[in-house]
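Some structures to go through are shown next.
Okay, so chain A shows up in both of these, paired with chain B first and chain C after.
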Partner chain A sequence: MTTHSVSARAAAAARRPRRRMPMSRRRALLGWAYAAPAAAFVVLLFLLPLLTVSRMSVSDWSLLGGDKGLNAPDNFVDVFREPLLWPSVAFTLEYTVIVGVIVLVLAMLLALLVQESTRWNSVLRTAVLVPSALGLASSSLLFWGLYSPNIGPLNPILQGLGIIDEPISFLGTPDAALWSTVFLIVWRFTGFYMLILMVGLQAIPGDVYEAARLDGAGRIRTYWSVTLPLLRPSIALATVLSVTGSLLAFDQFFILTKGGPDNTTVTIVQLIYRAAFQHFDLGVAGAMSLLVLAALLVINLIQFRLLRAKD
Partner chain B sequence: MLRTTLRGLTRTPYYVLTAGIAIIFLFPLVWAAYASVAPRGGSAQAEGFGIGNYVKLLNYDAGLGTYVLNSVIVSGLTVIMTTVVALLAGYAFARFAFIGKNVLFILVLGILMVPSASLLIPLYVLLGSVGLSNSLFGLALVLTMYQLPFSIFMMRISFEAVPAELEESALVDGTTSFGALWYILTPAVLPGIVTIALYAFLAAWNDFIAPLILINDSSLAPLPLAIANLRQQAMGAIDYGVTEAGVVVLALPCVVLFLVLQRFYIKGFMSGALKG
Partner chain C sequence: MYTAHRSTRAPKALATVASLAAAGLLLAGCSPSTTTPGGGTDATATADGTDDGTSLTMWTRAATQTQSKAFVDAYNASHKNQIELTIIPTDDYQAKVGSAAGANSLPDLFASDVAYLPNYTSQGLFQDITSRIDALPFADDLAQSHIKAGTWEGKEYAVPHTIDVSVLFYNKDLYTQAGLDPDKPPTTLEEFGEQARAVNKLGGDVSGTYFGGNCGGCLAFTWWPSIWAAGGQVLNEDGTASLLNSDDAKAVYAFYRSLYDDGITGAGTKDETGATWVAPFPDGKVGVMPMPSTMLGDMPASTGVAPIPGLGGGESTYVGGDAIGISASSKHADQAWNFLAWSLGDEAQVEVLAKNNDVVARTDLASNKYSEKDPRLVTINEVAAKGVAPLAVNMGAAVNDPNGPWTVLFRDAVFGDASKIDADNDAITAILAG
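Showing the complex of A and B:
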């Protein structure tokens, strides 16, 4: 077979809507056989729990006592009677917006900064990416030590440099706790989002910039009218991931603040955890879970619409 | 090629700015390593620099060795199950046509849409009902499920990138589809396999909320959960030195793996980001 005919056949095969495999019974059965383990996982460990949590949300289900029968809509009523519900929703939203803006802007700046493949840029890129190799819980434990009044080096350093007079209590006040956690997340995730944007940047062909230059566009103009629109898919992906991740924040708050000081840093998922494992009420936890799932689906749909519009 | 760069940045300010950024990003890790060996009155490392904290960590509660072993077991199981399931499923999606194929694929991706807490609570009950509560194997099953969207997606596009000719000529020669898969396709998609194995390992090693909910027995706790718990141990006085030693033990494999396998780590990302 010559190279030419192989590639011609491949091109022809690629153009046809169906693969060349005939939809024979045997092929289909084989396909099912190969997909079966995945299907088993999906059914047993995904669909079944979804059904279970739906059932929980309309039942009087205690962690210790088990399913005691239906009680709709009591659980949902209880959710809305929970005094921390709206504060935690507000806090989670506030946190999501703050983290989203800071991380995406920073990631964009860095992605633009390190575009050239120089040795120094490689080092910089790696430095920014290393934190993303760590787990979120590990990072939280690290920063817990970093922020602690006992061994944290930040206050000694800042005081030594004369930047502050009094030591800062990083986790002691509601505002400080929020911003300290934000800083942790920015540290941990900026590299990840920088990568996403870098991939998008690299996909932009050089001719586009060349054309803009020939049209007399300056740097800022080029960035605004040329680069940004072409980066839309990457920015959309980054935004959806960041918003979803922040709305579901748990690990970092559980480890750093445990929701404190005084329940001012309680996120939605923390509420679900408390309902299940401190109040032992799986029914309410299930109801909250379904509400969060529904809210997430709606929010993601809105984001997809907004970010894909005007195409 | 013209690149969009920030206006007005000349050489020196650029180096100063980026050096500052690099320092800020590297500082916490460097500090953690330092704090784990630095002297601190009242801790296991009271005088001079040394590994006193690590030694204490070895014997804390069930002992560091036990926790590391738990993490290794869970991560190992997750990696094995993820690679096997994703390899087979990726092959199925890329090369076969069968009823329900698209539905199954969408369901797999749907796993990404559901918050983990929403699944972990019913999973806690379900696993309990089959005797898998509080077990490392049960935990590994759940962690594998979470890896399926990314890993099956990766394997599917890896297989799709291999020209059909490759296995067709083998099939014509009389090999079974499994033979074609094993001897011909698997070597071709090896980079994809390494990528999903790496991600599965890192996710399993670092997961916190799943072990928190599914594991009750502290001697079965994987490392992150164990280190988080040991902060509360010693009668009110928190042993920071030991905690920092724990952080280093947690972080070191991840940082090493990342630096060594950077290529696969970034490549895995890029496939997802490009098709996303």
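Showing the complex of A and C:
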């Protein structure tokens, strides 16, 4: 570079009107602009409700009468005084484990089964996926109708076919109510988890299987040592979704059993609903919600730890 | 590749707008909810209110939509004021009213299940209409149970809107087949039991009776009258303690328990949550059972009605249904009152309610040109005048809650361990006391 061009450039720069701002700052602002709608979304739909609920949890806040002032820690004390609290926690955990195991094992089996694109596999895949098109509340209402002793067709059909003599009380005993609900959830969600695992399976390159075969691995060995480890991210995703969803189970129990018979199928979220809309106590409901949130955070952290690929 | 010549204005403007929008939403969400105490003086109230072409908003719950719609349609057709009616699913109604109250956005008029009125009046959701009611010429003939339900600390906030009472329905065809006299319904609970057992002998799909074995609201509505008919009470004076373990009450539970144990009740009784509670009777599968009087219109012609008796005689009923008031935040109290006063007048009561086989809110109109055609309506209207509308601020949490203490009590009394009734009753008192 000659002195001449340097000074010429400097002179030219002095003459040119100053740019509004340097390029890096413009880029940053553009980034903010693109992120703003999403940020507004998060603030509006997550942060604000979280702040409101936190405020509720330390206030005497009636559904009808509104905010009547702070009362910490009364709401939290009331939560732990609720006689149905620990039974509902125990039941929700029991339900989570049952549904998680059944749905994930079934989804895995189906995903392995329908890997190839045969016509039968397409039919099976569609049949298993179709229930996902129904909302959970609609599915619950559907099954409530099926199980109803007065208007449900299941008992008449089973009796007509000679499979049973006496009508089955699908929702009348604690065990029956639990397993009838599990059946509904398995029917509704297996397709979705099958899909997650299918996608994970298809991401595994064929060479890996080829290599395993060349090494003399049988099917089970291949599955255990090759497929499963490579499926880890998909299994992790499916597990986290299933556990979180089951811990927050509400729709299906509220519609099918309303927590009955005799309070044996009450879930944690149903207690929150009851506190808010039966007892009109948003403070206690808020306190319960925060505790559930904390529990979920802990549980999900543990899951991530356990399911992370150990490289 | 980033082009250096892109204008800087668009992204910057977008960022500004987005941030402003976000800030605006943030601020809007921050306003805390406050209560406005039940206000609105009625010093200048007239008995009729004002009809000047104002638009009014009104909410009603789905359970009583037929009657509300009939009222609103008739009113809109004959008045300058126009009411826009919104029907809200029954199970969502409380929550909807609650959130609207918190946001100060209640409609001008809203109806309320009588059982939940104390909740609303004690929280100041309605305007004080005491002197407006007193100015009505027929004030004393209004269903006093509803007026009382809408009274809080001496002030009246609501008038009757729809009345739903519990009565015994019986199937005259099944009675004849069972060898019973179809014109002789039960006059005591014991007779109810005998007649149910006789019908049950017909066998097949038919059962003597049916009840909501998992439905707290249904059983309060249909079993408590038997306690009142025997001269008993279910709650203390101010609704803060439960008397549901009294001897009268225990006798009623034992009566129904024996019917269930002997198989006189239809299949599904124990699990009935109320959703299909009134389904078997119109299908001709049940001999005799107490149900809401508003079911009359759906019943076959060969259905008879009778007041609910107690053990040894007497008769009573649970006066339910909806009352309606003007919300505290309404700016059109006079116009809203015009609708309420009209709805309680002779023309509306007879031509809207009675014509559709519904119970009227005025005891002086119990016998009208429509009820005279159907003596069953006279029976229902007459027993409504004798009925009780029990009041408690925490009624919903104690009685209607499917996980609540009343459900535990009657399930123990009828299907489980009846020795737990006293302990279960204490749990009800705990919730009622708040």
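Going forward, the second predicted complex is superposed on the first by the 284 of 311 C-alpha atoms of A that agree within 3 Å, B and C clash if a C-alpha of one lies under 4 Å from a C-alpha of the other, contacts with A are read in each partner's own complex, and residues count from 1 in each chain.
One rule holds for everything that comes next: contacts are C-beta pairs under 8 Å (C-beta built on N, C-alpha and C of every residue); 3 or more make two chains touch, one makes a residue touch a chain.
All figures in this text were calculated on a predicted structure; none of them were measured in a lab.
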| item | value |
| --- | --- |
| First, second, both or neither for A:262, with chain B first and chain C second | second |
| Touched partner set for A:219, first chain B, second chain C, both or neither | first |
| Partner chain(s) touched by A:53 [first = chain B, second = chain C, both, neither] | first |
| Contacts of A:283 with chain B and chain C, given as first, second, both or neither | neither |
| Which of chain B and chain C A:100 touches, first, second, both or neither | neither |
| Which partner reaches more residues of chain A (counting touched residues only), chain B or chain C | B |
| Chain B versus chain C as contact partner of A:300, first or second or both or neither | first |
| First, second, both or neither for A:274, with chain B first and chain C second | second |
| Those residues of chain A which chain B touches in one complex and chain C touches in the other | 20-21, 23, 27, 29-30, 32-33, 36-37, 39, 48, 52, 144, 148, 150-151, 276-277 |
| Footprint of chain A on chain C - complex, ascending | 2, 4, 8, 11-12, 14-15, 18-19, 21-22, 25-26, 29, 32-35, 94-95, 97-99, 101-102, 119-120, 123-125, 214, 267-268, 270-273, 275-276, 279-280, 396-397, 400-404, 407-408, 411, 416 |
| For the chain B and chain A complex, residues of the former touching the latter | 1-7, 14-15, 18, 21-22, 24-26, 28-29, 31-32, 35, 40, 84-86, 88-89, 91-93, 95-99, 101, 104, 107-108, 110-111, 113-119, 121-123, 125-126, 141-142, 144-145, 148, 152, 163-165, 168, 177, 202, 205-209, 212-213, 224-225, 227-228, 231, 238, 240-241, 243-244, 246-247, 250-251, 254-255, 257-259, 262, 265-266, 269-270, 273-274, 276 |
| Residues of chain A defined as touching chain B within the complex | 6, 9-10, 13, 18-21, 23, 27-39, 41-42, 45-50, 52-53, 56, 109-110, 112-116, 120, 123-124, 126-138, 141-146, 148, 150-151, 153, 187, 190-191, 195-196, 199-200, 203, 206, 209-210, 212-213, 218-220, 222-223, 226-227, 233-234, 237, 248, 250-251, 254-255, 269, 272-273, 276-277, 282, 285-286, 289-290, 292-293, 296-297, 300 |
| Chain C partner contacts - residues on chain A that touch it in the complex | 20-21, 23, 26-27, 29-30, 32-33, 36-37, 39-40, 43-44, 48, 52, 62-67, 84, 144, 148-151, 167, 169, 171-172, 258-263, 266, 270, 274, 276-280 |
